[in-house]
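Same chain, two partners: subunit A is paired with subunit B first, then with subunit C.
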Partner chain A sequence: MLDVLFALLFDPLAMGLCLAGVVAGLLFGAVPGVSSTMALAVMLPLTYGMTPEHAMMLMLGVFFSSVYAGSVSAILLNIPGTPGAMMTLLDGHPMAQQGRAGHAMSYALIASIVGGLFGWVFLTLTAPLIAQYALKFGSPEYAAVVFFGLALVAYASSGDTLRGVVAGVLGLMLGVVGRDAVTDVPRFTFGIPNLESGIDIIPLAIGLFGVSEALAAIEKTPPKEMPRMVRLGSLMPSWRALLSEAPAALRSSSVGAFVGAIPAAGSAVAVAVAYSIEKRLSRSPEKFGTGLPRGVVAPEAANNACVGGALIPMMTLGIPGDSITAVLIGVLLLHGLRPGPGLFESQPDFVSTIYIALLFSIILTAVIAGTIGIRLYNRVLMLPRRILFTGVILLCLLGAFAVRNSFFDVWVSILSGGFGYVLVRLGVPILPLAFGLVLGPVLEENLRRTLMIHKDWSAFFERPISLTLIMIALAVLFGPFFRSLIRRVGLRRR
Partner chain B sequence: MSQTPASKVLASRVSDTLPERHGPLRDLVTGALSVLIAIVLGASHFNQGGRLHEDYGAEPGPALLPELLLAILGTAGIVLIIRGVLSKISRPGQINGIDASESDAPNDFEQQSEPAWAFLVLASTIAFGLLQTAFGFGIAAAILGAILCATLAYREGRPILRALAEGIVVAAVLYGAFRLVLSVPLT
Partner chain C sequence: MKIRIALSTLATVCAASMAAAQSFPDGPITWVVNWPAGGGQDTTSRLVAEALTKELGVPIAVENYDGAGGLAGMRVLAGADADGYTIGMLGSSSVIQQYTTDAPVMMEQFSVLSFFGPDPGALSVGAGTDFDTLETFISMAKEAPASVINGNDPPGGASFISAAIMEAALGLELNKIPYKGYAPTVTALLGGEVQSATVPIPQVLEHNASGDVRILGVMAAERHFLAPDIPTFAEQGFDVVAGDFRAVVGPAGIPDDRLEILSNALVAVLTSPEFVEKANAAGYMIEPLGAEAASARIATFDTQVYPVLEAAGLVTNPRK
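Presenting the complex of A and B:
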């Protein structure tokens, strides 16, 4: 890994791209209505002409810094910039109202860096072990892993499980559009030549996570008044105050890294768990929600530790940990790389590049946000919505074209953006749709291979790993139905 | 124990046990849409000639996964319709045992939404797709930028003429960046 570290360190373009990614992520993540996923979707087409290594330096820079920056609008405006910052505002904004916005932002930054580093260590220690184990998987296990991942994402996404299943199936159907890889037979192409090569993940991701999220933000009534500048007060809390928060930061980081590694669990769950643990452990839980630094430290450490955790299923099993890693998988596929245990065997240097890129992103976020970011954020938040969303939508359309210089991709982005927005209005989560598209070809390949080798479906139930994964997935999918049935029976008896 | 706004939102994200505004209507529409998609795609799939439905021997063939997915989509759609109908008729005043008026109350986190504006922006974006074939990417982007910026400025109560100019500048900057810096062959 050291040779990769030095190669990247002395590559000015790689370091410049990482820096640009960090700056872009700090700006995008801070603005309410622009999620980390949207930031990555918008930046994705820019990676087309880059080497995979340079692309990861840029994208991981955007990923980590935008996750941290979500805390900025939570603290200054009482609006979470990203879902992971939902708990930060509970104590962060009261601190700002008390004239301690600078302290709150410093606590958030330091906790984010501690969480990020903890997640990075967790990633580098556990990913190779899981990949080594996953290399022993046969096609039944792979098919079961994909089914398990899709079941988790259908369950954990907003909306409800059944609507999540519908979205996942629609995504899988989009994944089978085009000519079949084995028999070359066209499926769902409707005679359109551009569909014969299948629907590309990148314009679809730009549409789903860029255009549709922008539309969902535009429908919200704009605030009557422009946000006012918040007085930051002093920036650095005392060393003693900082050290007293260290145990909470480490506890929350471990929660974040672990929860982040569970496919689809995501940062929103991690921050809620970390916050409630700290509240329960506190001697004065009633002070949470009134401007307590620990209420900022716990969710921010957990949120950023999730970044390393979410990369584990993506790198080791090829399953996205969340919507952001689904876009990252798009980057890898764009460069001809398929994430999964094979990556550790065939491209060990590239795996090291991902580790190093994340480490550099954490360090650069600390430096940039710590030196100039916190002071500038008040001005960033003054950016008018009309300019912001006009820029985002145009960037999505230009970016979709830039991937393959194809107008067809622009249409895919527009239509998937519109379809994604309609799904959002119907309470159907769009994340399983993206998961389905990414995982559809993997599921089909392994399903067909299993049935060809083992002749029937029993292979899935005779092998312990696939059996366990399928049973858990079925429990996750049907659990809510039986729970609701039991509750209704209980209500009737009463 | 009362829930904080964030934990309320979070709880609704991680669990499907909490009431949801317009849940039965959403179930009905989503279910109907799923069944419609399954029927349309199913008709196209089963009417397709050629080698799609041939017997490939030991290999399950290219029709296996699409047929499985069509069956799941159709079934899920029917279950959603049944759930929506049952929720509508069994307890008109309640959703999941909780008073509908309570579930309809927007939580402290939600801003009011006006979907018509989003559909207007979407329509402008579709118009962009048509305009770019007639006028090229640059002019179409400038028109879209101006329309988007003016629409959003109108909602914010800001001067529209200035917003038109701002939209054209944003489009010009992005077009220039892609064309000149990234060398994307935009027409």
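Presenting the complex of A and C:
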């Protein structure tokens, strides 16, 4: 591995490509609506003329830095660019509104780097072992893990659990639209061909979070005296404050790396689990959602740890865990490399190359984002609010269009913006809705597949992993209800 | 002197007339991919587009249209101007959706330019199963109908159709479990959730080599170049030919001269040893066919697949 390290380190083109990838990822990822998958797809044609080693340096640079940069629009604009950044806005944006955007972004960056390094160690040390564990996950386990994730989102989002559940169910209902994954029959499409592939999360999230926020802001302040959106404040939190987040960052990183390694579970589940664990462990859970640094640290450490985790099934089994690693496999195939169990034996140097490329990407992301990135994002924020808002909305709608080159998605964004505004006015949290849309189809597909294979609901309760997950999820959902019931009974006795 | 003037005039006239004949293409060509970036359709499209750029001397922009199970991109392609500046790639799913969708795009709306190659189906079983040979698989599947759990695409997808063609040809009944694409199907096969899968060879090649999966047979007339030691179904006495294919098309009504230029350029690209080597390394079988032969191949697939769709109860838009 060392020889590969030095070969790449002293290869100016390889390092230059990694740097270019990191910079591109930081720019793409920070734009609301441009997901990591899209950033990689844009860079894909550039890799044709390269050696596979150079291609990996570029692509992993884009991959890692764009996952981090997703936190930027979540914190500054309250718009999650990717499902993995949906938890970050809960505390990140309030921090920004309180004039602590600089702190929030530093916390996000440092947590991302910690998470990234943790995921990297996890990948290099345990890849083959974890691959076998990941294979134990079948349809019942996927269904259980998604149910678990949804229950935790309802718990973690602010406000009462009932409203959270209502929003989650709305999201699940929207997720039903489109061609059914099991029978391929179109549902609730009302004869509109564009609805056949369902409602995409990116335009919906852009509308729900971005457009609705703009509507609310326009209503609140007369346009003349609109203040700057958020203030950066000082950049670095104190060392003591940073150190106190270390245990949370490590816990969340391990969650992220594990969940990332499960094919198809993805970073949306990882951030929900990490955030909820921190909220549960906290002595003051009520402070979550009001601008707590830990609420930024947990999801950011988790989603960046996912990167290393997601590479495990890709490299050891040749199975892409999500749409991002699917693009990466496409790159490898173009160069005649077939990831899978044989890769470690036939191409050990290339495996080392992937490890080292990811490590360089993490380090370069830390350096570039830390020195230039955050200051640059601040420059953009210095723009007058009116101009910034217009720019953001334009970028949002452009991002919605770019997801699948479809103008239909722009309308989805605008409509869900109005819908999100109404929900916010009614005090219904919109985060569970977005999670419901992302996770609902995965839940349904795996639930129905389990029933097709095992022909019985008992499959969920006979398998240890799914049984455990379902029990915890039920405890989370009905815990508050039983607690208040017990308290009421206790009061009556007195 | 006079002769020289005459010659130069002649040369100019010739050059001008050649320029007129070759004025197509004189601008960028858009290549529509009806699946997201990174998949098989996208990888092959980009490989061809890159080589075709050199062949035609104009830039080719690949655009991905994701959505509606590939229909979104097909609508864009069918609705584009038939001037030869918008082309794209289609596969077996495009033929199938004509009969299984309520608002389909019909194959008549396209002019076929060339065939890219087949992607034959194969039958693979998990290493932990009792199916040692194709024969035991078939006899055990016949003994207990719907007892063998097979992983495949959702109804209408390529590996679902492969499974359905196999069922129809051999008189079997499998418990066909749908997965969203090849990757989760292979995961399920490795994890033992399904006993068999009907995905193409490249998807299971590595796992066959490592001993986690056994490939029992290839559903093609010839063996697969990546797995020359694995026999076809026909070699083992079972007449099953199934699988996906890829072809390059444009909207219907492209003028004949332009169609010919594009078709010839595509065949030239697809036959160049350099391209074939690259595509083979990426796992793709190449079978360069011109416009007419490609249309015939697509028509053959159409005739073969329609009764299977009908038997599976998938036809909602019957053939007129």
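Here is the rule we go by: the second predicted complex is superposed on the first by the 274 of 494 C-alpha atoms of A that agree within 3 Å, B and C clash if a C-alpha of one lies under 4 Å from a C-alpha of the other, contacts with A are read in each partner's own complex, and residues count from 1 in each chain.
One rule holds for everything that comes next: contacts are C-beta pairs under 8 Å (C-beta built on N, C-alpha and C of every residue); 3 or more make two chains touch, one makes a residue touch a chain.
Just so we're clear, the structure is a prediction, and the values are computed from it rather than from any experiment.
Which of subunit B and subunit C touches more residues of subunit A is settled by the count: it is B. Touch criterion met: A:M452 reaches subunit B and subunit C at once. Contacts of A:L44 after superposition: subunit C is touched, whereas subunit B is not reached.
In the superposed model, A:V327 lies in contact with subunit C only, and not with subunit B. When the two structures are aligned on the shared chain, A:G391 is found in touch with subunit B, with no touch to subunit C.
Applying the stated contact rule after C-alpha superposition, one finds that A:L13 touches neither subunit B nor subunit C. Of the two partner chains placed by superposition, only subunit B is touched by A:V165; subunit C is not.
Judged by the touch definition given at the top, the superposed model places A:G418 against subunit B, while subunit C stays out of reach.
In the superposition on chain A, A:I486 makes contact with neither subunit B nor subunit C. Once both structures are placed on chain A, subunit A residues 182-183, 186, 405, 452 are touched by subunit B and, in the other complex, by subunit C. Note for the complex: subunit B touches subunit A at residues 4, 6-7, 9-10, 12-14, 16-17, 20, 22-23, 26-27, 29-30, 33-34, 37, 41, 44-45, 48, 50-52, 56, 58-62, 64-66, 69-70, 72-73, 76-77, 79-80, 83, 96-97, 111-115, 117-118, 121-122, 125-126, 128-129, 132-133, 137, 141, 144-145, 148-149, 152-153, 155-156, 158, 163, 166-167, 170-171, 174-175, 178, 182, 184-186.
Every residue of subunit A that touches subunit C in the complex is listed here, in rising order: 37, 40-41, 44-45, 48, 135-139, 179, 181-184, 186, 191, 193-194, 196-197, 263-264, 313, 317-320, 323, 326-331, 333-336, 338-343, 403-406, 445, 449, 452-453. Every residue of subunit C that touches subunit A in the complex is listed here, in rising order: 36-39, 42-43, 46-47, 50, 62-69, 71-72, 75-76, 100, 102-103, 149, 154-157, 175, 177-180, 183-184, 186-188, 190-194, 202, 205-207, 209-210, 212, 278, 281-283, 314.
Put simply, subunit A touches subunit B in their complex at residues 46, 49, 80, 83, 86-87, 89-90, 156, 158-163, 165-166, 169-170, 172-173, 176, 180, 182-183, 185-188, 190, 211, 214-216, 218-223, 268-269, 272, 289, 384-387, 389-391, 393-395, 397-398, 401-402, 405, 407, 410-411, 414, 417-418, 421, 425-428, 440, 443-444, 447-448, 451-452, 455, 480, 483-484, 487, 491.
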